[in-house]
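As written, the chains take the letters A, B, C, D, E and F, and residue 1 is the first residue of each chain.
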Amino acid sequence: MLNMQTDAFLACETPYDQAAAVLFSAPFDGTTSFRPGTRFAGGAIRRDSDGLETFSPYQNADLADCRVFDSGELDLPIGDVKGALAAIARRTKTILDDGKLPFMIGGEHLVTLGAFQTVYSAYPDVNIIHFDAHADLRDDYLGVKLSHACVLRRCHELTGDGRIFQFGIRSGDRSEFSWGAGRVSTRLFDFEGLEQTVQSLAGKPVYFTLDLDVLDPSVFPGTGTPEPGGVSFDALRRAATYVCRHARVVGCDVNELSPPYDQSGISVAAACKIIREMLIALENKEV
Amino acid sequence: MLNMQTDAFLACETPYDQAAAVLFSAPFDGTTSFRPGTRFAGGAIRRDSDGLETFSPYQNADLADCRVFDSGELDLPIGDVKGALAAIARRTKTILDDGKLPFMIGGEHLVTLGAFQTVYSAYPDVNIIHFDAHADLRDDYLGVKLSHACVLRRCHELTGDGRIFQFGIRSGDRSEFSWGAGRVSTRLFDFEGLEQTVQSLAGKPVYFTLDLDVLDPSVFPGTGTPEPGGVSFDALRRAATYVCRHARVVGCDVNELSPPYDQSGISVAAACKIIREMLIALENKEV
Amino acid sequence: MLNMQTDAFLACETPYDQAAAVLFSAPFDGTTSFRPGTRFAGGAIRRDSDGLETFSPYQNADLADCRVFDSGELDLPIGDVKGALAAIARRTKTILDDGKLPFMIGGEHLVTLGAFQTVYSAYPDVNIIHFDAHADLRDDYLGVKLSHACVLRRCHELTGDGRIFQFGIRSGDRSEFSWGAGRVSTRLFDFEGLEQTVQSLAGKPVYFTLDLDVLDPSVFPGTGTPEPGGVSFDALRRAATYVCRHARVVGCDVNELSPPYDQSGISVAAACKIIREMLIALENKEV
Amino acid sequence: MLNMQTDAFLACETPYDQAAAVLFSAPFDGTTSFRPGTRFAGGAIRRDSDGLETFSPYQNADLADCRVFDSGELDLPIGDVKGALAAIARRTKTILDDGKLPFMIGGEHLVTLGAFQTVYSAYPDVNIIHFDAHADLRDDYLGVKLSHACVLRRCHELTGDGRIFQFGIRSGDRSEFSWGAGRVSTRLFDFEGLEQTVQSLAGKPVYFTLDLDVLDPSVFPGTGTPEPGGVSFDALRRAATYVCRHARVVGCDVNELSPPYDQSGISVAAACKIIREMLIALENKEV
Amino acid sequence: MLNMQTDAFLACETPYDQAAAVLFSAPFDGTTSFRPGTRFAGGAIRRDSDGLETFSPYQNADLADCRVFDSGELDLPIGDVKGALAAIARRTKTILDDGKLPFMIGGEHLVTLGAFQTVYSAYPDVNIIHFDAHADLRDDYLGVKLSHACVLRRCHELTGDGRIFQFGIRSGDRSEFSWGAGRVSTRLFDFEGLEQTVQSLAGKPVYFTLDLDVLDPSVFPGTGTPEPGGVSFDALRRAATYVCRHARVVGCDVNELSPPYDQSGISVAAACKIIREMLIALENKEV
Amino acid sequence: MLNMQTDAFLACETPYDQAAAVLFSAPFDGTTSFRPGTRFAGGAIRRDSDGLETFSPYQNADLADCRVFDSGELDLPIGDVKGALAAIARRTKTILDDGKLPFMIGGEHLVTLGAFQTVYSAYPDVNIIHFDAHADLRDDYLGVKLSHACVLRRCHELTGDGRIFQFGIRSGDRSEFSWGAGRVSTRLFDFEGLEQTVQSLAGKPVYFTLDLDVLDPSVFPGTGTPEPGGVSFDALRRAATYVCRHARVVGCDVNELSPPYDQSGISVAAACKIIREMLIALENKEV
């Protein structure tokens, strides 16, 4: 008797009911402003995770020892933005209701809204730590409110002022920065101040959203809107690990990998390794 | 005094008020089911049209002698399907109101709906000649009605039975073919019967929608859903020329070129040459 | 409770015990003489099968109605040719022992040897129908006997003369052709005589091995050794369908797709569609 | 004692003084109007010729039995068009003076002028058989006379009327065709009439220049100006073989392969195979 | 009444007569020694500038507030090096005569000579600040004097000793460095000493020529001759901004982007962002 | 009389009997675990070395002054791992027997075993300095002992404890690190301690094996298993130069470049430049 092949990220095969964290991917790129293709991120990450070890010499720990289940790729209605966000919200709610941590792989950054709305319902005092090249604080983009360029603005409509903490931002229009001043904490270019932020949020629930284009395009060319001048892989690895080990993360996502724009595969490899490090750090929290 | 550079398709620089046909492009791929990227077709076609001669040895005529104006690329609201279709409809209406022929470059196939609705308002007895690999007759795709996989079904809601004529179809689910039987004329695989169809429509207005994936993927790899077993370039060239010379075309479009999936550029070259031949044929009608 | 994602080819999810045919893939390219990469074929075919319909307008039948189970990808020992062939043989034996048809997706062409040895044990009177650009009749390649360039020669050591029927061959060294004369039936360049061959084998067991590089490189660029001047997609589709509908096929394989050498994806699409047509034909035999 | 590696096309290692034909490559693309890169053709052809057999099942003959020497790649002064043509002329003259046939691999089509001038000096009654997608009969291109778009016009200045025979032409501006009428024999689109042309030239010296873009871009995407609607590989193979077997060829070239525009390598493979067939045909003349 | 589409870099649509700086591009790669393709830089930069914001968080200023007009792409005679340089010189002269700053986008580095000759006529005391991986000080390259490998040597023939200041150089032959010693100021590998150089030139006219291959190939793979070991994006951004804000720049260029060699688009993105920063800095001078 | 073209790396044309170092390449990738293609490294390195200067501004010395002979590419039996290693060993022995330094260009990392076995026979007290992203200390990989993932483990079977010094390691499974502790010196992530290691080995023979994937994938995407977080080009250049100038290197190799996975060519450029610097440093030893 032969079995059908399953297709999980790396070693993430802990049975669902014993899992502490649950992966899923959201193949959505319906509002991507420049180059679409992030819908293919989940598949590429699962496939190329074969090339990565489960052991982390950075954390001296092994993903094989972590309690993670990969629940696979959502079937999203293409061309229906609200329907896609609703499906993301439903999956997030199932995972939260079962007492587990939702870990979403995008898709474009708008997918964060679907997950965050659900997390916000469960944790109304939740804060957001946001790594990105782009501020994503526009009120609308060409008249569209549900756009990946507006996603943090939509989140702010839920959280109100003082609860969104951005790092690594190096692009935005002038109005985003002026609107954000006083409402959102925006660290330009790098991760300075991250440790203090995490410490100031001690005990409070945190949603961590990581737009991988915070990386320099040399490290991560496969993305919709490459923005030169980003952080190094090691800077991001350290910062993401810090958040996952020291903050009270109640939900997270990694987004904006667009595999068709990087035929070398190094962007997928970077995404895989960041996800491995985050999952290991979440399992080995020091809170 | 220096001028700003303009960027028209090939020789399409007849002043607007003297033009008989008006090009525009609709950079929309928001419902693409597999591989997005058709939003880049208009730009690529204009740019690579530099590599093509204006003269056609097939028709012994020159595009430079045709009265065509290129009105450029629409600014479409990304993530807003209805808004995008409305913008397409407005541009189509402007052109029709000015007594000119609208010639749209997609974008994915759903853009046809925006243009056709307007053409239908002006010509309620309009028929559709449709070249495609895919039947596009689904009622919905994953629950979405405004999808490129449903576009001819949506058009049929306007025209009713007996006014859609498909050629080259080689893909669809069973329900599309069974639904279509008796409602839509579907010629599988090739263009047999095209001349009779065109003659049977003599004097009647025709909207001509050409999904370039009717071509074999060897000739046209740069498309969202390549479907092996298609027609040759010369077969398409002859068929498209025939329609444009002999039918009473009141509107047309060419769609589904996705440049990122063909780095050799041959798909863009095929699109450019088909458009050139169509424009020359429209100018040199034998109706 | 969420399920782990499975990853089958198209609609091939009939439960194993009800299946008549069983797919598996053999990610092996260890003897590829020019450009390696066929190890990635199985993954690419499963993934991109999403872009293909289950219904065939050619055969007016639906893969969803066929009894096929996809048992996934073998784990092969990289660098150990004999070990890889043994693992292929074991999987083939399991399927045959369970009374089902083994349908293997390569890998390079040497994988055929692992499957054929097992089929030969079960059916000592088995014949081989072989579509290929290359004769693959060398006795050794740079001193190596277990090479994809020698695979039909190795098969001949089992069958003896008169039981191998090649079609579409357009490449080989002189010694292959002179050795083959009288031992192997070799039709150069196309499929002429295929119907007669199939009819002459009526009732006898047939192993069908299809090297996709029999296709013209324009249709199928993604292969290790592209050989210009091949057959069209429709010629192959018709020929492969004919074999699967009319011969008594007891085992088969499709091989030599190398996805990294075709970034447009049209080669993967061609492989997917040929496999769909073969599976439908095998289910709807007219023997 | 180890030897330095040599790098010849396929089996072309007959000692120079015993060779009947001598290959060389001219890495020049200095007047390419659209996409440069043909300078890399010679290197790519030599490298990928490893993937091709020396034996031709079409002609039942083996390149290893042909008397061909590959004299390698010329060192051309980049940016100096006249200097490059002079270097090509010198190499051609050396080969002609030694009583051998010069066989040049371009480079863009202008390289033909350098070789042809020399051949013309040796054979003032020489005729030209020209396969191409483009007429190349412009008097100048953007004011430049030494351009690949003008190369046959420059050759005509030597030969005068009635001695240039074009086949497969499907692109040109109107003035080229009108100028050519009566001066040059131009067969549009295919090779019809080739046999008669060759027979009419019986005994007369012929220079054969083959622009590979006469092939359809599906077969040969790697070229500077892909022109849809070309001939198939087999049509070209037959036509080129016919010329080389039956005409009195005193010099020839194969040009316009631009490897960077075809990452699948099928264009290089097509060039290699055409060159093999031509060399075998030249050795096995039936004049 | 519809307008023809214009195609300017980012927000550079200030009317010509109100502009302080004028962009143009020079699509020339006729002397490129290794991999051609820089002719496509201007088009790619204009097209992909859509993906970039006009606002700079580095300078807290907006390109939309700068007085820049984009006069588009020159039509250059392909294959005629002197003719191309003359056309560049004419455009430069028009802009200078109108009292505006010429800002050229190459093309290969030889284009600098055309612009610099004109600037030198207007400002005989002009100095050159030169960022590059390559010294470009050869007297000739394979006998050719008008080569991109010789461009600073040609400029030196105008300026004489002591007026050329190179930074970031990491490649050259021994003779270039020995010839340059005492004639040209060459800072190897980085930008150390740039501020002092700019200050020492206070009040003097400066031509600033930026060969983008000074960047590390990881950041900027799309160039003709990638030279490992270059500077980071931020190092270049700071250095180029410093020159444009603090030196009396009377002309400048950015060159050697070759888009075909970078399918990820990150090289084009880097070029766009550097140009944006330079234009903003030139508008906000602190001299 | 024309000569056949030779094809050596850069300036490595010192006659064999006067050479101090001898290059050869080993086109082997038969045990590559993820993405094959390193067999093409030697050809790509020789070809693209044309784009590199022979002079090093880092060492102020010229490769043209070094006594290096390039003996070309081995012909290896594809599919026969032991046969390939034997051929490598034979070439290494010839070079060593002639009193010269063997410098091998891989291929995958297993090629090191063939060369090292021979070096070990000649120098039983030889030590290994190993730069790599991966520890390569597995006892077997999927049951295979002769695997590129096990190559240093196989070397350790010859040297025993205390004679292997690894730098830059950032990937391995837990068992590799625990097995290695006390047996192998492993510096994680960077080159700290390299100078002390070299000094501690003063006078002792050293085999230097450099897996280029120690570089960050941004610098070196063209490799089989890209591992994010690697060293910069300059860090590697300095470290490799230090080893070659200051250690008593009796054999060395550079491996794991896989050109098909980097179409920009920057990985090949990095390999070429590292090899140039190593060859210059070996000639200019300071021991």
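Throughout what follows, a contact is a pair of C-beta atoms (placed from the backbone, for glycine too) under 8 Å apart; a residue touches a chain by one contact, two chains touch by 3 or more.
Quantities reported herein were computed from a predicted structural model and do not represent experimental measurements.
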Going only between touching chains, how few steps reach chain D from chain B?
1
Give the chains in contact with both chain D and chain E, ordered by label.
B, F
Far-end chain from chain C, centres as C-alpha averages
E
Quick check: how many Å separate the C-alpha centres of chain A and chain F?
38
Listed in rising order, chain D residues that touch 2 or more other chains are 33, 35, 216, 218-219, 261, 263
So with touch defined the way it is at the top, what topology do the chains form here? Options are line, ring, star, complete, other.
other
So, with touch as defined above, which chain pairs make the list?
A-B, A-C, A-E, A-F, B-C, B-D, B-E, C-D, C-F, D-E, D-F, E-F
Contact set on chain D toward chain F in their complex
1-8, 13, 16-17, 22, 24, 43, 47, 69-73, 91, 94-95, 263
Residues on chain A engaged by chain F in the complex (per definition of touch):
50-55, 57-58, 62, 216, 218-219, 233-234, 237, 263-266, 269-270, 273
So, in the complex, the side of chain A touching chain E is made of residues 33-35, 169-174, 177, 188-189, 216-219, 221-222, 225-229, 261-263
Taking the complex as given, what residues does chain E use to touch chain D?
29-33, 35-37, 39, 75-81, 83, 110, 141-144, 146-147, 260-261
